[in-house]
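Residue numbering begins at 1 within each chain, and the chains themselves are lettered A, B, C and D in the order written.
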Amino acid sequence: MSASIRVTIWNEYRQDRDWPEILAVYPEGIHKVIGNALGAQEDIRVRYATLDDAEHGLTQAVLDDTDVLIWWGHIAHGEVSDHMVQRVCDRVTLEGMGVIFLHASHASKPFKKLCGTHSNRLKWREDGARERIWVIEPAHPIARGIPECIVLDQEEMYGEPFDIPAPDELVFLSWFKGGEVFRSGFVLRRGLGKCFYFRPGHESFPTYYNPHIQRVILNGVRYVNARDTLGEMPQVAFGHMETAPEP
Amino acid sequence: MSASIRVTIWNEYRQDRDWPEILAVYPEGIHKVIGNALGAQEDIRVRYATLDDAEHGLTQAVLDDTDVLIWWGHIAHGEVSDHMVQRVCDRVTLEGMGVIFLHASHASKPFKKLCGTHSNRLKWREDGARERIWVIEPAHPIARGIPECIVLDQEEMYGEPFDIPAPDELVFLSWFKGGEVFRSGFVLRRGLGKCFYFRPGHESFPTYYNPHIQRVILNGVRYVNARDTLGEMPQVAFGHMETAPEP
Amino acid sequence: MSASIRVTIWNEYRQDRDWPEILAVYPEGIHKVIGNALGAQEDIRVRYATLDDAEHGLTQAVLDDTDVLIWWGHIAHGEVSDHMVQRVCDRVTLEGMGVIFLHASHASKPFKKLCGTHSNRLKWREDGARERIWVIEPAHPIARGIPECIVLDQEEMYGEPFDIPAPDELVFLSWFKGGEVFRSGFVLRRGLGKCFYFRPGHESFPTYYNPHIQRVILNGVRYVNARDTLGEMPQVAFGHMETAPEP
Amino acid sequence: MSASIRVTIWNEYRQDRDWPEILAVYPEGIHKVIGNALGAQEDIRVRYATLDDAEHGLTQAVLDDTDVLIWWGHIAHGEVSDHMVQRVCDRVTLEGMGVIFLHASHASKPFKKLCGTHSNRLKWREDGARERIWVIEPAHPIARGIPECIVLDQEEMYGEPFDIPAPDELVFLSWFKGGEVFRSGFVLRRGLGKCFYFRPGHESFPTYYNPHIQRVILNGVRYVNARDTLGEMPQVAFGHMETAPEP
């Protein structure tokens, strides 16, 4: 019944392309590490796009052929054109594309737009100390196949308060050795589409090689994908209704 | 990957067994009409249980072999033993069984227990006037394959305020010709399990023969079924933790 | 302990200024009718602003002196400058100003921005038929002092699905004689601020003279006002944390 | 406009009465320490009730005279009669009494009943290590007048997953030195009443003498108190409606 899930992984691709110390961690780019993990699944087909591609790699044709978009951005949020942001968000809310925002993408334009809040107010510290990511909803599909706590020995810290709307589904909470906590994984439903935010993944640490982190992203892709459902969605009429259904 | 969904349909089975005018509408009982519709699906296996069976038909063995329980009750809620109610609710919250409550089951003991509210405060009128059930979340899996509005020419009216907790997912709103509205379809997440309440289905009207109503119930079964997810759920330790994970 | 609530009522003020048939309904403008009702309360101080004022009447000084902003717009949403929209939304999310969006303001730029959805997808019909607004949370402060159902003999119809995020607090549902339903009153929490959307108020009907509608708006003002709370809010540090709280 | 808030503090009162090492911490009982703090406020009137009083001190007359009930229980949950639990929960859901559950009251009968989940599944460890309670919604009235993080040098640990329904309002998250996190403060809306759960307060530590903890409890009392609102609540008709509002 289900065709492949068409995943597009968008990477800002600056630090992991240009900065030697980051290149050392992700020689092929962060997007490729995530894509290699996802692409090994039979039900997933991966495509890549980066900031410096024409139209940031996200032409209307590419988006139309995308069920789930994964977004990783950090130092160049401001270079993403507002036109593209509108295109991405419309594809989510009006057409039901799923989207996964990773790590510093909390401050990306499309995430902020979908949240409706500032979203870029939080605490951070690049101390490379330990993070523990606790599952708080064990029966959530995004938690399949992982332990109750994912331990990352080195990560950047993000601390509350995090300026997001109350999540529709809160799945993960992080503990940081330095003393902070964070809502690290949650789902927002926006129009026809679902957004999953997942916190870990600072560029200077090998987080995306971690098999549990890869599994969460895989679960997220399957969870926010709505291709089958959208194919059978009720036909809805919007706008001016000339006549009332009841006489 | 997915085995069949093991569905148990529980029917109070009093009015449709003993009252001639109801028997005329549902000669085999309400449970059989629902079961025949669901059982036609390859991924679903149906079993029945009724109030007057031993242990109400819900022995521990039956529940252990049930992924989704459907509940229809009306005039004999008080005859359901508290012991059985606890057993059903534990199977939902502690083991992740899905459950669908239909129509007057809003006043059933297990629904009230899972809600945490009184749940039996609402308006009603058996006038057999028209109901329109509007989809408010078109991309929700429970709305697959139905029109944006299901029209039932004859139904009992239920009116707000309905004494439930704010639903985790609100999918349907009903309009009644007499002037009332109602939250007619919603999901509550409770522990490891999901509950779906769906309003229509008064015994004196042929609602469960309606193919759209049947489709909603089918969608509901697939949505609250968590068998695959539960099979890969994180192993969680509860209770006293002798040692801290961090030194 | 509480000082007056500083309310600014923003009106697009085009139809009720320039269209004779609307002028006949609201000779002083919609904002004045609402303002007269609110201003009669001892705890409220009212100020007005309109689209054609300099900076739409919403200078930084005015916003800084506003606890609650009420917004009514309809045919000129596009003329509101993006700069002003950002200023309004920042005042809500970053500084806690409350905001009430009335009727067609569901399609206004600040409402859409705070929602994170398209928000302008719904059904409508200007048939002037009856609307019934049902209270679904009787103990909500926004429902104080009104009947369980407000009946408006003539209103424009809005119908579901309405493309908004799941509300944090859903208070009112509307029934329309023509057959539709609508989520007519709800609260969204966004950053430090609260937004209340309230549906009724088409310009060609005398809705804002209705004492129950006036009471709901008054209740809304008091509910989204956070002046006292903000004055004692925890001091939060955002951004880079040089040192960890735990050694 | 507002009369005093009538607060009843219910304490199991066993450990702090009978165990010398607990008596040393709370010589007058936990309830008196909380009551002394609250009673110093002009808008609050305090009364006490304990498990071993007749009807657990919660006669119908006492409940009818209570706007907010505070509950502290730990080792004797099972001794609370089901009849009294029903009485308390009905007073919350049907009559709008506010209720605050402290610490181990997560496993009390009324909390479990209002949650609709098991609520007693979590991790714990009485190691007396540091807890940090972070505010995640700084503009929430329950966070007034406290720092962004309350530090308790010695507390019992509670760890996720915590088997509660998704809170309607999540206000606090705890960090524990040993490596765990916990949803430490949240509001559930149940019928006409509001419930606030607040985690800290193990009997062997002097937590309730902490002025920030006292302030949170005071804020909680004011937040879940609905006396004024209930006095002006819409009159709602429940049950059989003989005639439809629309002809």
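Rule of thumb we're sticking to: a contact is a pair of C-beta atoms (placed from the backbone, for glycine too) under 8 Å apart; a residue touches a chain by one contact, two chains touch by 3 or more.
Just so it is clear, the structure is predicted and the values come from calculations on it, not from any experiment.
> Same or different interface residues for chain A and chain B, judged by whether over half of the residue numbers are used by both?
Since more than half of the residue numbers are used by both chains, the interface counts as same.
> Relative to chain A, which chain has the most distant C-alpha mean position?
Greatest centre separation from chain A goes to chain D.
> Return the chain pair with more inter-chain C-beta contacts, choosing between B-C and A-C.
A-C is joined by more C-beta pairs in contact.
> In whole angstrom, how far does the Cα centroid of chain A sit from the Cα centroid of chain C?
Centre separation, chain A to chain C: 32 Å.
> Using the average of all C-alpha atoms in each chain as its centre, how far is it in Å between chain B and chain C?
One centre to the other, that is 37 Å.
> Of all residues in chain A, which are in touch with two or more distinct other chains?
As it turns out, chain A has residues touching two or more other chains at 132, 135, 137-138, 148, 159, 161, 166, 168, 176-177, 179-180, 189, 191, 236-237, 245-246.
> Show which residues of chain A lie in contact with chain B when the two form their complex.
Going by the criterion above, the answer is residues 96, 130, 132, 135, 137-141, 143-149, 151, 168, 177, 189, 191-193, 226, 229-230, 232-237, 245-246.
> Sort out for me which residues of chain D touch chain B in the complex.
90, 93-94, 113-118, 121-125, 127, 129, 157, 159, 161, 163, 165-166, 168, 176-180, 188-191, 236-242, 244-246
> Name, in rising order, each residue of chain B that touches chain C in their complex.
Of all residues in chain B, those touching chain C are 132, 134-138, 148, 159-162, 166, 169-170, 173-176, 179-181, 183.
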